[in-house]
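Below: a set of structures, written as structure tokens.
Note that chain A is present in both complexes that follow, paired respectively with chain B and with chain C.
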Partner chain A sequence: MVVDKKEEIDSESSEQVVNPWEVSVKDDGRIDYDKIIDKFGCQRLDESLIDRVQRLTSRQPHVFLRRGVFFAHRDFNEILDAYERGDKFYLYTGRGPSSESLHLGHLIPFMFTKYLQEAFKVPLVIQITDDEKCIWKNLEPKDSKRLGRENVKDIIACGFDVTKTFIFSDFDNVGGAFYKNMVKVGKCAMAIYGFSGEDSIAKISFPPVQAAPSFPSSFPDLFPGKEKLRCLIPCAIDQDPYFRMTRDVAPRLGYNKPALIESSFFPALRGKNGKMSASDPNSAIYVTDTAEDIKKKINGAVSGGQDNKDDQNKYGANLEEYGEGRMLTGEVKKRLTQVLTEMVEKHRRARAAVTDEMVEAFMAARPLPSMFE
Partner chain B sequence: MVVDKKEEIDSESSEQVVNPWEVSVKDDGRIDYDKIIDKFGCQRLDESLIDRVQRLTSRQPHVFLRRGVFFAHRDFNEILDAYERGDKFYLYTGRGPSSESLHLGHLIPFMFTKYLQEAFKVPLVIQITDDEKCIWKNLEPKDSKRLGRENVKDIIACGFDVTKTFIFSDFDNVGGAFYKNMVKVGKCAMAIYGFSGEDSIAKISFPPVQAAPSFPSSFPDLFPGKEKLRCLIPCAIDQDPYFRMTRDVAPRLGYNKPALIESSFFPALRGKNGKMSASDPNSAIYVTDTAEDIKKKINGAVSGGQDNKDDQNKYGANLEEYGEGRMLTGEVKKRLTQVLTEMVEKHRRARAAVTDEMVEAFMAARPLPSMFE
Partner chain C sequence: SPNYLLIFLVLQELEIDYSKYEHPPVLTVEAQAKYVSSSEGALSKNLFLKDKKHRYYIISAMVDTKVDMKVLSQRLGLGKGGIRMAPEEALGELLQVSLGCVTPFAVVNESARDVSLLLDKNFKNQARCIFHPLSNDVSISLNTAGLDKFLKSIGRDSVYVDLEANANPAVGKDQPPDLALYVPAASVVVPELSNKASSIQTPPTKNATSEIIKPVASAKPSKPAGNVNSVSANSVSLEFKNPEKFVEEILNRTSALLLSEAKGESVEALPGTLRKRLTSELTLLAIMYKNTAYTEGFHAGKNYKPYRL
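Up next, the complex of A and B:
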């Protein structure tokens, strides 16, 4: 039985809490990723592993690998071992549709997953957890589904290969073989995992929903006869507790443990929160922002000044960062504005070209014969 | 939010516990049903209500009503009010498939539900909770489904009208609109309802599965455009806590509360347990028992003697029952044997005639145009 308690799940000190439901950081807005790796017990994604990816895929590793955006993993080396022997695997990532339009932080796992799909030529399932957001954000199922569908268009715009990719909504897909795996996982996972008795049944019921796609038997239409296929999950580090539970449970069900490759958070433009957050528009650049919006946000960001006039009068600007050479100069801000504007405009054009027919094609339950070509 | 705690759910004194997961009784094997009604807060099914059923259906009320086997209810009077105004309702009952063959106690709700379906000419959904038994009995999903399918044949043998009846397995049916209602119910119900933090996620997740069929919107194929249809649930009294939660939650979802009509337990033939139990073969008469089995079980039952030779030597026979005229005489046992043998043989013939095609017909998701004729 999984006996994780809330205390053990959080990577927390007096200053830092990181779990799927909360990310709060130290007073200076920084996140101590070494401490998270220690606390969670995952492995650092080191240089030798990145070199190995380069050898196996015969292409330059993605910039998110080279720059340490994806910085931790679990059993990624085993996935590479298997790949080297000629065994395929599949990718699983997901999105909780909390807002109509995505910000750049949301695109990180999808940009990286697209690279993995192309480099390793493997199939991919993308879970839209519209049920999760209905439970946590007090949305009606129909509103959560609508947001999910809007998000799917942004995801498709990242350029996935429809012949190798299945995108699904939980509200549409939970049932049958998927539900059987939810029940199997739920039988092995204790309720005290990460919740208190004050939480709703729906919250406590959710972790098996996120666990199920880690097992190919949840998708009999997609992976017929491939029950032993291994799964690699690209995700942000805050999702680790869900998959730690999944990995604990897997051997008791006779299933392979999913492997993980985990990213740090996309830094917030301002404020005390360590990551871009959809609930704080000034912290984030949205894929719907105009060139002018982006310019204003970048110029107003990371200046060392306080968030508002009162705090600025009270505390003055924090010049430590500037003194240590870490503050962005006007020159750097200009270059950043240019790069992000191009990225956002490219995304906007791609998204405008996504039709309802394309959404249906990605979301159709189907055997995908070309998945393993 | 539902704030029921385990103490409040159980109808318990130092001697008596009744809830969906446990029925234990006083030392003399009797169950105090008046105390259950008080504790649960349901209503007694009185003579005037039974007379009203007779007037409205123009037929003699079922023997289980006349003899008080169904002895309690919630809002059954409102169902009759609506019926009198010309509004239809639908019936919902179910079965957790714990064993290959049913005993007579299991048939009680189905015999009574068949009467209600015929008398009121209303549609019926029957939930096979194969997921529940997989969770509580440590069965594999495939074994639980197989037991469920065997039980479905016994249920069909009770004589239900296929044009008005939908029988479904949770493992096959959870998903879509049904899952949406599970999430909605789960959001409103607190996890402390009836469980401790030591229970598995799967156990805590189950109550919304049993709640969902109380709402017609869980079955869009079955009840298109009939979202306001009221639901009447015939069940044994131990299931009341599930539906008390369901009734608490319903108004917050904009749904009608289901009404209930609740039975006492089928008395055990012997032993300290107050009801027939599939886990104690001597306590129960199975639908697969031969005439000889039944005769032996009846003759050995309720004799006042202890369950085994050691206890008999130690305590001797309990003759109190005999003294008060409650012990069955040889004459009564003979008549009982005859009645039950006829009932079991009739059931066996009916069950032998149930084909796989009939099972498919009852379990097919379909709009039922004749449901409201």
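Up next, the complex of A and C:
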């Protein structure tokens, strides 16, 4: 998204950079999400929407909604309108395999997506962009595929229901109806982006790959005859540019615009700048971390009133019982360590139950007759 | 009565087909008939009787069957006026039910082990019969085979009697009392109650009942009180497809067991916070179980070799 990069590097008003390849804050300030919403042009997820979710799903909204981790959206209200009328939707989310291990920041969108799947009783497609990581990170396709499959095990361990979930790798899936949609999108998108001469053709041709799963006709085996089925995409806000393009193109192809529900980033452990990153191991809690590792990382983490409140918000529901400022820093860290260790343990156990066969089952193109049950 | 849930637990364990109807509390068959239609089954009238030697009987009959107390008394070998309605205290003490709630199911209680149960043989001609499951704001319909299976599981043989036979017996050498063998071996002493403090003896309070009913009611989408609700066996299949419903079932049954073990002491079902945590952990386990089972089926499907013709 070269154009966006150019937009972002706007010296007078922008202190921060937020796009799919780079998230940082200049001057060591915090990420200003209101500014992002403003700049990107998406909507805030307000109380009334959250109440509506509660009414429609007859259960308490997920803590990430209540605590503003998922805080922005595009057309989520339309998804809810349609749902109320009895028109369901499907979920689409994805992962670019970038390292062997997932950290908790990676799990956030998946935990939230699982909640959406259970609460609304809708199917889910998960795209593993093994091609993207080859293009941008110089990985060999076979390594990217391998990493992808390992990541799939962690994703499955989040608790997705195999009868309602289709996970696919780009390398194995691009073709047929999917490719047809990619070409249609690609034809419309050229005018939007001006690419510099330094970017490989692969980079230019990639965006339609991420756009295509937004359209049900890309999956004729899953959604036969359901051309008008709506799509909701839970993602981190740095993915917004990709989908802005998709939403722009959709009506021109006679398709519904995909809706988005967007999260902020998991705060970096090492202070205020940006998000947990796989490239900086001490900024993240990995699902392979031991209790000792977690304790060390939390204790080494920068502490300050404001940080802790955000941490409390983002790290889990269990911390709700602690009031604002009532807990001492030491206690917060101890509790955080406990909660995170539990989370990682729970994940590890679930992960241990995921076999290669199970991965194959999730990734097989197969009918999903119970997908809306 | 806390054992109300126990009835459903047992019925489900034994895979007995039944339907459940919830309605406002009813004290008479006429009132019950307003909420449970005759198409659901035959309503029953249930008498709790006592003889002079403190032996107790439940007579469960079709509404139309004439039960002549004098005749019954003679057939039991108790003489002409040997049997009368049991006092109200005995209802609570022996059957653990309140007024308007006598039912064959009451013999599930340990306290009713010496109570004789006689069933109208006309029940056998009916597709289904309707009884209270120890609570007068619920009715169950089931067939006699189901009732027999239930009774057998608690060590009772069903006794079906032609209640209208021998309209005018001259009980003597040539006509012995034909129901005499159903007179209980032991008599029961129901202690005189000076106060009704004990929860075993009093009918369940409104609060206790609503606490108890909650776990079961939440398992079904229907609303209690006011409407006739029929819960058929179709909801069973959803338990095995949907991990959340599956976990809900597990926790409901655990609750029921906890209550039945408590036997009338004021014990809450699973506390709310505990249930919430358990729900979340068990649901993840259930999903992984489901995924594993599906994967095995997937593998089998892939490698399946069709028979050659």
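The rule is simple: the second predicted complex is superposed on the first by the 325 of 373 C-alpha atoms of A that agree within 3 Å, B and C clash if a C-alpha of one lies under 4 Å from a C-alpha of the other, contacts with A are read in each partner's own complex, and residues count from 1 in each chain.
The rule we apply is simple: a residue touches a chain if its C-beta (ideal position, glycine included) is under 8 Å from a C-beta of that chain, and two chains touch if they have at least 3 such contacts.
This is a predicted model, so every value here is computed, not measured.
Engineer: Identify whether chain B and chain C fit side by side or clash on chain A in the overlaid structures.
Structural biologist: fit
Engineer: Touch check for A:361: first (chain B), second (chain C), both, or neither?
Structural biologist: second
Engineer: Taking the superposition on A as described, I'd like to know which of chain B and chain C A:81 touches: first, second, both or neither.
Structural biologist: neither
Engineer: Kindly classify A:159 by the partners it touches after superposition: chain B alone (first), chain C alone (second), both, or neither?
Structural biologist: The second partner, chain C, only.
Engineer: With the two complexes superposed on chain A, say which partner A:51 touches: chain B (first), chain C (second), both, or neither.
Structural biologist: After superposition on chain A, A:51 lies in contact with neither partner.
Engineer: Answer with first, second, both or neither: which of chain B and chain C does A:207 touch in the superposed model?
Structural biologist: first
Engineer: Between chain B (first) and chain C (second), which, if any, makes contact with A:346: first, second, both or neither?
Structural biologist: second
Engineer: Just to be sure I read the superposition right, which of the two partners does A:118 touch: chain B = first, chain C = second, or both, or neither?
Structural biologist: A:118 contacts chain C only, not chain B.
Engineer: Please name the chain, chain B or chain C, that touches the greater number of residues in chain A.
Structural biologist: Between chain B and chain C, the winner on chain A residue contacts is B.
Engineer: If you take every C-alpha pair with one atom in chain B and one in chain C, what is the shortest distance in Å after superposing?
Structural biologist: The answer is 21 Å, the least C-alpha separation in the overlay.
Engineer: Considering the complex alone, what residue numbers of chain B touch chain A?
Structural biologist: Per the touch definition, chain B meets chain A at residues 1, 131, 134-135, 141, 170-176, 178-180, 183-193, 195-205, 207-208.
Engineer: Show me the residue ranges of chain C that touch chain A in the complex, using the header's touch definition.
Structural biologist: Its residues touching chain A are 241-244, 281, 283-284, 287-288, 290-292, 294-296, 298-299.
Engineer: Report the residues of chain A in contact with chain C in the complex, numbered from low to high.
Structural biologist: Touch list, chain A to chain C: 118, 156, 159-163, 346, 350, 353, 355, 357-358, 360-362, 364, 366, 370, 373.
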